[in-house]
Amino acid sequence: MQVGFIGIGRMGSGMAANLLAAGHELTVYNRSPAKTETLIGKGAKLAGTPGEAARGNVVITMLADDRAVEQVVFGKGGILDTLPRGAIHLSMSTISYALDERLAAAHRDKGQDFVAAPVFGRPDAAAAGKLFIVAAGKPEAVTRCQTLLDALGQRTFIVSEAAATANLVKLSGNFLIAAVIEGLGEAVTLVSKAGVDRAQYVDLLTSTLFGAPVYKTYGALIAEERYHPAGFKAELGHKDMRLALSAAQQLQAPMPLASLLADRFLALMAAGGGALDWSALALIAKRDAGEPTKLTPSE
Amino acid sequence: MQVGFIGIGRMGSGMAANLLAAGHELTVYNRSPAKTETLIGKGAKLAGTPGEAARGNVVITMLADDRAVEQVVFGKGGILDTLPRGAIHLSMSTISYALDERLAAAHRDKGQDFVAAPVFGRPDAAAAGKLFIVAAGKPEAVTRCQTLLDALGQRTFIVSEAAATANLVKLSGNFLIAAVIEGLGEAVTLVSKAGVDRAQYVDLLTSTLFGAPVYKTYGALIAEERYHPAGFKAELGHKDMRLALSAAQQLQAPMPLASLLADRFLALMAAGGGALDWSALALIAKRDAGEPTKLTPSE
Amino acid sequence: MQVGFIGIGRMGSGMAANLLAAGHELTVYNRSPAKTETLIGKGAKLAGTPGEAARGNVVITMLADDRAVEQVVFGKGGILDTLPRGAIHLSMSTISYALDERLAAAHRDKGQDFVAAPVFGRPDAAAAGKLFIVAAGKPEAVTRCQTLLDALGQRTFIVSEAAATANLVKLSGNFLIAAVIEGLGEAVTLVSKAGVDRAQYVDLLTSTLFGAPVYKTYGALIAEERYHPAGFKAELGHKDMRLALSAAQQLQAPMPLASLLADRFLALMAAGGGALDWSALALIAKRDAGEPTKLTPSE
Amino acid sequence: MQVGFIGIGRMGSGMAANLLAAGHELTVYNRSPAKTETLIGKGAKLAGTPGEAARGNVVITMLADDRAVEQVVFGKGGILDTLPRGAIHLSMSTISYALDERLAAAHRDKGQDFVAAPVFGRPDAAAAGKLFIVAAGKPEAVTRCQTLLDALGQRTFIVSEAAATANLVKLSGNFLIAAVIEGLGEAVTLVSKAGVDRAQYVDLLTSTLFGAPVYKTYGALIAEERYHPAGFKAELGHKDMRLALSAAQQLQAPMPLASLLADRFLALMAAGGGALDWSALALIAKRDAGEPTKLTPSE
């Protein structure tokens, strides 16, 4: 297929490489073109504007946030103007529920198709083609994307015909992970103040009821207070809680736990921890318990 | 060993039977003696008071709450008066951190030993000898209990020499489960208001990052809204959140997530749902989102 | 002075009339011109676009939300294009901290002045010229607005040179009122469940420590459950909590109480109460306590 | 009247002196008798046990907490054994809803009367006879106490026939004050991070909508960060939030704002601020915003 790929960052570079490897004709665009060199070396073409990358069957966007996606789609030289009728914008970024709805409407007005397909997984999973993909959109359009999705992930879950629901599911997943982190942070602080060993406690949890990867991964990081380098930054965790809350507000579904998490991430950021791994949320529970941490010094 | 067993309820009956099967001499006590008949038939002796059951090497208590344990230990004819010096009170009930500390001190004053060993597991696991046991106390005393614990559970975790920490770990485990329930409740409500199928959503979660039993069990109950009959009642979930908060207060370790959970369980109870399974906490998120539920009727 | 006035709603109509009465030359603009008739009858001129109303010394905007202000300022025929260099945009709407910052920058780039001056007070106070005004901006520009502000309010508080801080103070005031409402809602529910009379309880509060108008006004509404017609709608209360939280996020100052309030307002809206007075927040505490209310019916 | 007075502390000493001055025959008891000397010098008799102070028409208790009241009533030599049939125990301490219910029942069983009458006011108000008193109990018994209450306070509010409701109202009042403190703490932190002057901001609030003493008193303390010496200690604020939550639980009336306040007070205590004035709660909002405070040092 003729595929455009916009956003050659830590996730996108591995994903684009997998599409090349699967035999697709790739045109790539990145704001700073330097990052595209490896892909050009493997046969990708370079586009000078986002719109130039959108002249094929499908254009994929994999960008940092709403603003970046808005510029690339609606901005001057954006893909909305050049994407052919019947071609697909496959949006794989984690963005807001509201922007997804706006994108779906804008493409529909132009006779273009829109599929949202955000992913679960870190850069290593992206490079290995092992992402979990959550897709939503018109069934016929999703089907046309399937060979691309197969090259990018280990499994695709199709959640509904309304494109925006895919990001909702993605955000809810990050919300559930953050809830686990907060729970572990409070629990580890509690038992360790009573003299229980942190690592032994996490081992007990993950050997019994809490055997899932999410507890093993974050339990170990919290037990060892290994918050640097970040796998996923606290400030991105905060952003996702806010996107979840924004969708919750639009759908009128109050989420007090998400509110709690957003406030705690914000406290971590205010204390200088925004670039730490999001499991560093546990530092807030620790500080609240009067234990010394490396957060903002006192007066 | 000569073992007393006090509290022949849904959990205790299976546990006591396993001790008999392992060849121990058992003396049992229950407030309503009718429940002890099966065990008597298998060779257990019946004690007329808790104290009578406490004349051997070890006396086990497996009771509903602090009050029941206080009566059996400190009340007239209680075990504090009759347990021989050097014998052990093995307390397997889920009780408060504060009562554990009080029990440890009282037995120490009498030259008796005290081991706390609350369990994770439902009645079926108790009957099958498959409980997870969290033990704490003087190492030598815990060691003397080991053959009993081996007959009751699939694995024993020894957390510290301070007996009260065992219940702290137990309570923290129930706190983490309740956090999962609340998270799922909010997430399922959010996505289902946007049109995503509840069951399909839970399947997606448990097929990816959230593969632990706790997500599978509670995810299914919430997706299908199968809150009756209760595996573990909401009002007991509320009790455990309060015990966790009480310990958190004593240890000065604020737990805002536990506070949120306690308030939500209380709202469920106030709406008439105290006897539902604790996964019915998801009904509060649903009601808050304006969706109809079977909770308290409107005016 | 030559003054433009944009936004002739429930607040703006009274305010504009006061400016006319004080002898200013007024040009008014409203999206639906019908509402301007009374003012025209009193000598105001009618503008066909927002920009036409902005050709004098000062143009005042008094609009419902960020979106309305953005259209009137940045849209086609907006005031940014026509306001003379050195003239002032006096923004009296309650809008976001972020938009205030953006407006200040945009006007500065055009050599225009920008003063933010949101108000406390209901339509009756607006009509009577009894508003409290919170102003911020370049001191010299604020001074030039003073005669206008004197015609509109009983007192002007100048909070800083950074225009955006005026709305921050305004939003924080509404946050504090909402906190009083939530506190009263929880307290009244608690004591009335124990049999204390609601009205007698509020009387006790306001006769002792809580003599401020805010307790008298909202205490009476809550005691009598008089939530209709709305003085200030719950959905506007929710909007202001969200604006406060948005500023809190930008300034990295976590506000857990504001988060709680936002979630409670959202629950009220989801239950169909968005158009009730914002004191109806007390219905959520009441419903949580299992008491019947007129909110969303059960299944 | 023949009156016993138990608890000659900072509040009790002034109250007892007012009863003497009003001509009542006073018998006083205090655990450390030294504090009674001034009263003895003015004509009061000294009792050797609480029970000895309870042989007249009314015995007043004014003690620190539940435990102290329990000892004095139910302990050896306690007032339950000596108070004549038909005489009154007038309990003016701030205690739990549950203990009030227990006291009412115990006295009823002995043919004694029980009136609960906790107070609002600091030691200076107690000494000046200017307390606000919240009374509950059998109307006839409350009437018999009225001359005593008139000597102690500026006004008595009678809330219901159920004695326990008086403390409920008292606790709800402290809850509302703490809500004001938390609101001010969050708001002051927010606006001061944007550059608004703290004192000027508080002045603006108290000059407009928030003119009640509670805003003036606590607004000034927070603006100036004058948290020492304590008028009312943070740890007592925490105790009252917990008593309110305990009553809320018993009455099944969830109070999420009270939960938030309890957690924040606990964080303040864990950071070493338990002996500061309870308005120091504002330090937690400040620390959460990454501002330096004098709380627990970092690692």
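Which chain is which? They are A, B, C and D, in the order written, and residues in each are numbered from 1.
One rule holds for everything that comes next: contacts are C-beta pairs under 8 Å (C-beta built on N, C-alpha and C of every residue); 3 or more make two chains touch, one makes a residue touch a chain.
What you see is a predicted model; the values in this text were computed from it and never measured.
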item	value
Most distant chain from subunit A by Cα centroid	D
Numbering shared by both copies at the subunit C-subunit A contact, with half separating same from different	same
Angle of the C-alpha superposing rotation, subunit A to subunit D, to the nearest 5 degrees	180
Centroid distance [mean C-alpha coordinates] between subunit C and subunit B, Å	51
Mean-CA-position distance for subunit B and subunit A (Å)	38
Residues of subunit A whose C-beta touches two or more other chains	248, 252-256, 260, 263-264, 266-267, 269-270, 288-290
Touching residues on subunit D, where the partner in the complex is subunit C	97, 120, 132, 134, 155, 157, 159-160, 162, 164-165, 168-169, 172-173, 175-177, 179-180, 182-184, 186-187, 189-191, 193-197, 200-201, 204-205, 207-215, 244, 247-248, 251-258, 260, 264, 285, 288-290
Touching residues (chain side subunit A, partner subunit D) in the complex	256, 263, 266-267, 269-272, 287-299
Residue ranges of subunit C touching subunit A (in the complex, touch as defined)	242, 248-249, 252-256, 259-260, 262-264, 266-267, 269-270
